[in-house]
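Each of the two complexes below includes subunit A, the first together with subunit B, the second together with subunit C.
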Partner chain A sequence: MIKRVEVNYRGIFQKNLGKKIGSDIVMIASRMGQRAFSNGRYSDSPERNGIPCKYFAFVSPDLPEEELEAECGAKLEIDEADVSVVLDDTMCKGVEPWGWHGIRPINERVVKDGCLLVVSKKKPEELLKFIGKKPYNYRIAILDGDASLAGLWVNKDDMTHERILGGIAAVDPAIISIEAVESYLMDKTKQKHRAEAARAAYESLRAEAKPPRVKTVTPNDGIDWPHKIPVLPKWFEMQEGAVVPAVKRGFEMGPRGQNRNPGFKRGTTKTQRPAVRFDLCTKCTLCWAECPDECFDPTTDGFYDIEYQYCVGCGKCAEVCPVKECIVMVDELQFEDDHSPWEHWKKDSKEYIAWVEGKKGKERVSYPVVTGKGRTVTQGEVMPEGKIVPVRKTEEVEV
Partner chain B sequence: MSTVPTIDYEKIKGVHKIPLEELYTSGHRTCQGCESATTMRGFIKAAGSRTVVTGATGCMYVANTSYMTTPWIVPWMHTQLGAGGSSAVGMAAGLRALKRKGKIKDEKINVINFSGDLGAGDMGIGGISAALQSDYDLLIIMYDNESAANTDIQATGSTTYGAQTTFTPPGTKHPIMQRRWKKNVAGMLAVGHPTCRYVATACATFPPTDYLNKVRKALSIGGPTFIHTYDPCPKGWDYHPRFSNELGELGIKCGIYPLYEIVEGQIIYTWDARKTGKGRIPVKEFLTKQGRFDHLQEEHFTHIQKMVDEMWEEWEFPGVAPIKGILKARI
Partner chain C sequence: MSVAVAKAKSDLSGPYEREDLLNGCQAVAQGVRLADVDVIAAYPIRPYTEVMDALSKLIADGQFDAEYIIADSEHSQFEIVKHASSVNARAFGGSSGTGWMYGMEALVVTATDRLPPLFVVGNRALDDPGAFGVEHNDAMAIRDMGWLLCWVTTPQEALEHVLIGYRIAEDKRVRMPMGLAMDGAFLTHSQHMVKVPSVAAAKKFLPQYDLAERRLHPDNPISVAPQVNEDWVMELRRQNWEAAKRARGVIKEAYKEFNDVFGNRYSAPYYFDEFMTDDAEVVLIGIGTVAAPARTAVRRMREKGQKVGYVNLRWFRPFPTVELRESLSRFKAVGVVDRDFAHGSPDDCGILMHEVRSCLYPAKNRPAIVNFMGGLGGRDLSIADTQKMFEITQQAVKKDSMDGFITWIGLRE
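Presenting the complex of A and B:
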């Protein structure tokens, strides 16, 4: 028997976290007398900030090490996972780590009666609005918390790591037991609060816990998956000399007027998306000029529409925008589609402003310059229509 | 020399005059907030569609040919890590031969090579040196994100002193493992190639349009030319992607990365702290905004500040070449 765990994480931001969870599952399982090993998904390398990536851990009580490795080691991607950990709930909208992969459901690998363990502040029902249907029953467990984002060098020690280990022990004790998790954390760190954090997470996910955080998902729950999975070209379909056809040249003003790479959209990279109040826009061009992903479309009336399918949510546009509350980064799970905001605004500007303010809500979540050093929540402001308040004066530069 | 005169580009006066069409478009596997992608997008916007691009192995090669797809609209070719300069020469020579034989129309086609700091500054520097002595019209752009970012951040000759990388993890006894001072690539190439008519340093977003105009200037002047760009890297420098813009600006304002162009042997400072009246901002303000310098202590900030001050106050050509004058000694 082999138990498989996959850890879905945000590239670079959660690289160290994902790796630590994988290696600690191995350490704990071996202390329980099982054989185990862990590896990253080869094709995720080189990892990029925000791209959905995976770490795997395999545990077996009966197979010898060589057989376990032969069974699981040399595989690009696993076929099934008993527990699929999701370290950032915005990945529930689907994952697209590279070209020709397509946007796939987050629960793609979860087996019958397996578990999707998500770190989130949302309820299972809210997440199931984005998750694809499965033909069988499985469980969704919510580990209460915000996605822990850190940098490559500066780690964020907010106990997500310990809590995930406790969570896995709760949803599938055959992989690791909570007693083994506790004793391992005590022996390794000598810090009691780490073992306690794991225990608290374990208790919160037990069947008798209140409020219940584990829900059985039936084949009726979830959505019909809207994205097609592309078929990889066969070797004889490829062009000689590793030639890749260029994107066909094409540009016109207006939404989606620019030809873009159809093979790789990567909108699933974002955890937040820019929401625009067009009535506050001064047409300064900065969001468009500084966008590293070319996802702003100039319109005939001088505005810049956003193509959300290609936006990766870096937040640069919101940062360089010189007007208060004009571009604001909003939680990706607030949005169910990628329609053009400019067209929406043109159709009915009053309705659009009310809609976008509803999505923005009151809180503005942002990260400090060094990502691992926390997360700030400030109160936003609802600007009356057309009231332009500059936030920063651009320095006059002679070129 | 070239058979066709270079394209006479117009200067882009202000952000509203930047061409709207993208020739390097969305759908590339770069990081959130990738400044090198902005650099790439910028040079092709400035150069226009009659351009062929070669790229040496590096972050921006792997990012742009992700599993049989590409964001490029103009022709682009991948070449080996150290072959940036030679691929540009080969491409320019090939185009010249095709035109001479009448196989393609005799019109100006720009050749641009885009290599990283490891590809251009360390490994491919010999090929680039040879390219800068050639008689072809070509532009080499070195995008400098101060590390081998493709393979998860290894130190290169261009990494700032003291930075944490996979090769230089700080220890408790020795916090500084990156002990080399940043290589002065643009200055070195300018000093070493007297016939090269244009060498510049730039940053994609600061000052606005400055970089685009430098690309246009290089292509208009013709011959082999070189631009070194400073690209903050959210992955390796460890800051939140939304600050890419600010980091580039701070790097220039604190003087650690001088902005200049050398046209026919004459230096023009395109952003000069000495002329703003405020002077350079402290280097510490720039360094503390990056996770890779999280381990630095006060003495290290002082040392880096001293080195930067020296660059601006003691060098004969401030920020450009580390020559401090002529020693008046008796023979």
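Presenting the complex of A and C:
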């Protein structure tokens, strides 16, 4: 028997977290007398900020190590996962790995009766608005919390790692038992609060826990997957000389007016997206000029629409926008599609402002570039419609 | 022209317009002029240096017009050539010895990107120790990278193979970089009377370079060689293999076309030349300038009634597997002359020996085979040396053992 764990993480920000979870599954399973090993999807290694990446751990009570390696190792990607861990719930919208694999469902590898274990503040039903249907039953388990997003290549020691181990023990004790998790964490760190964090996570996912955080997902739950899974071409179908089509020249004013690469969008990289109050915009052009991914389309009336499929959520536009509350970064799971915000606003400006303010909510979450500090949360405010708004003071502009 | 003395000859007409005294490097430069190359990138290293000297002089004298870029190293030089080729410029580069090896990264990607510039390699021993003489290991380093690779033996062939090389490399069925190798010193710096084709004849033979759908241009938006990872590389390698296979046919076509324009200069099977092999029992096979002493030895031994012959291998990549197998399996014994080394390889043979022996393995009649390591680092290979090699090969016919399987020729011992 083999048990496979997949850890979906955000490139760079959760790199060490993903690897630590894989390593500790091996250590704990070994202490339980099982064979185990762990690896990452190697091609993800030169990962970029926020790119969805994967780490794996494999456990077997009966196979010798070489056979376990032969079954699960030396492969680009695993075929199936008993537990698919999702360290940031915005990846439920799909993940687009390297190499033009297209946007893949987050639960693609989850086996029948397996479990999608998601770190989230949302309910299973809210996440299932983004997750593709499976032809069989599986479980979705929510480990209550915000995504642990560290700085560049560092680990943010916020106990997410310990809680994930406890969570795995709860949803599939054949991989690692909670007792083994606790004893391992105690032996390794001598810090009781780490073992307690794992235990608390474990308890929160038990059947009798209130509120219930594990839901059985049936073939009726979830959405029809909106993204086409690309079929990779045969050798004689490919262009010779490692040539791939690039962006065709073409530019028109308005939404989707400039040509972009249809084959590689990277939109699943974002955890937040810029929400715009067009009525506050001074048409200063900075968002359009500074966007590293050229996501802004100029419109005939001097505004800048956003093509969210290409936005990686870097936050540069919100950072350079001189007007308070004009461009604000908002949790990606607030949005079910990538429709043009400018068209929405043009159609019904009052309805749009109400809609966008609803998405923005009260909290303004930002990720300072200082390594390891993670997120900061401040309170936002609702600006009156169409008024001339005071430009942000210098000290309020993040550097 | 100062070094190359222009000499009008009344019997020259048709495709050749004059006869000049040219060494191998200058002959290549004339070939580059006649191929109407657009971009030249240069960085000096002996013996290749004289190619860039000759080219810059042609440009300075107003005889030739091309972008001539001096790079800061071979690595940059080869990158410039590769990039020029990708935007549909006919591009030329070259080097020798360790300089060639220094640019290896660019050389490898030029092949994978399936671009067809031509590089001349004036073969030179790989330092250390500092040595200028010929050894083939430098050019051989690209043999498995998806390159075309051929050796010439005279300045005349060198000039003509610049034209033939571009013709093959740029063919849309091929589009592989072309390595034109020539023995350092013995050919690069050896002056001979060379018939220089007319511009019109060169133009008639060599079509315009057209990278077509792969031309890097704003009107043809493509990305060349992005990060592709595991899911794409194997298919690309398979394409490279296909191109290398197709090149075998295109090479034949190119020589036939060349013969049509320039008279019957080359004979089938083109990939290699056979000399006095019709009734031969024992042959030597070698690469480069060793052909001259070897053929002379054949002539002299034939006078004494010995049935010997010589095979001069011109095309190393693609290797003429079928033709050479068919040819060599006619003989009782084959001696392979390596001007290169592959220490620690199977039976410690040279590179050419490995290729020939591997080629002969499926043959119905496998000849006895022995290996000669000779002429390393520019050491002479004389008529007497080649005669000695023939004699050892003749003895191999009767031998059952591997005794004397490898002989070092010209070694002080």
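The definition used in the following text is that the second predicted complex is superposed on the first by the 383 of 399 C-alpha atoms of A that agree within 3 Å, B and C clash if a C-alpha of one lies under 4 Å from a C-alpha of the other, contacts with A are read in each partner's own complex, and residues count from 1 in each chain.
What we mean here is this: contacts are C-beta pairs under 8 Å (C-beta built on N, C-alpha and C of every residue); 3 or more make two chains touch, one makes a residue touch a chain.
Not measured: the values here are computed from a predicted model.
Annotation for the three-chain superposition on subunit A: subunit B and subunit C clash. Looking at the superposed arrangement, the partner reaching more residues of subunit A, out of subunit B and subunit C, is B. In the superposed model, A:Arg109 lies in contact with neither subunit B nor subunit C. By the touch criterion defined above, A:Phe251 lies against subunit B but remains apart from subunit C after alignment on the C-alpha atoms of chain A. Contacts of A:Lys316 after superposition on the shared chain: subunit B is touched, whereas subunit C is not.
Contacts of A:Leu76 after superposition on the shared chain: subunit C is touched, whereas subunit B is not. When the shared chain is aligned, subunit B and subunit C each come close enough to touch A:Pro233.
Of the two partner chains placed by the overlay, only subunit B lies in contact with A:Arg260; subunit C stays clear of it. Looking at the shared chain after the overlay, A:Tyr367 reaches subunit B, while subunit C stays out of its contact range.
By the touch criterion stated above, A:Arg48 is placed in contact with subunit B alone, subunit C being left untouched. Residue contacts after overlaying the shared chain place A:Glu290 against subunit B, while subunit C stays out of touching range. Taken together, the two structures place residues 46, 98-101, 233, 238, 244-249 of subunit A in contact with subunit B in one case and with subunit C in the other. Considering their complex, residues 112-115, 175, 213-214, 218-219, 221-232, 234-236, 238-239, 242-243 of subunit C touch subunit A.
Residues of subunit A touching subunit C in their complex: 43, 46, 76, 98-101, 232-236, 238-249.
Note for the complex: subunit A touches subunit B at residues 12, 45-51, 98-101, 151-154, 233, 238, 244-249, 251, 253, 258-266, 269-270, 284-286, 289-295, 298, 307, 310, 312-316, 318-320, 329, 366-372, 397, 399.
Taken together, the subunit B residues at the contact with subunit A in this complex read 15-16, 18, 20-35, 37-38, 41, 49, 59, 62-63, 65-76, 149-153, 164, 205, 207-210, 213, 234-236, 238-246, 270-271, 289-292, 294.
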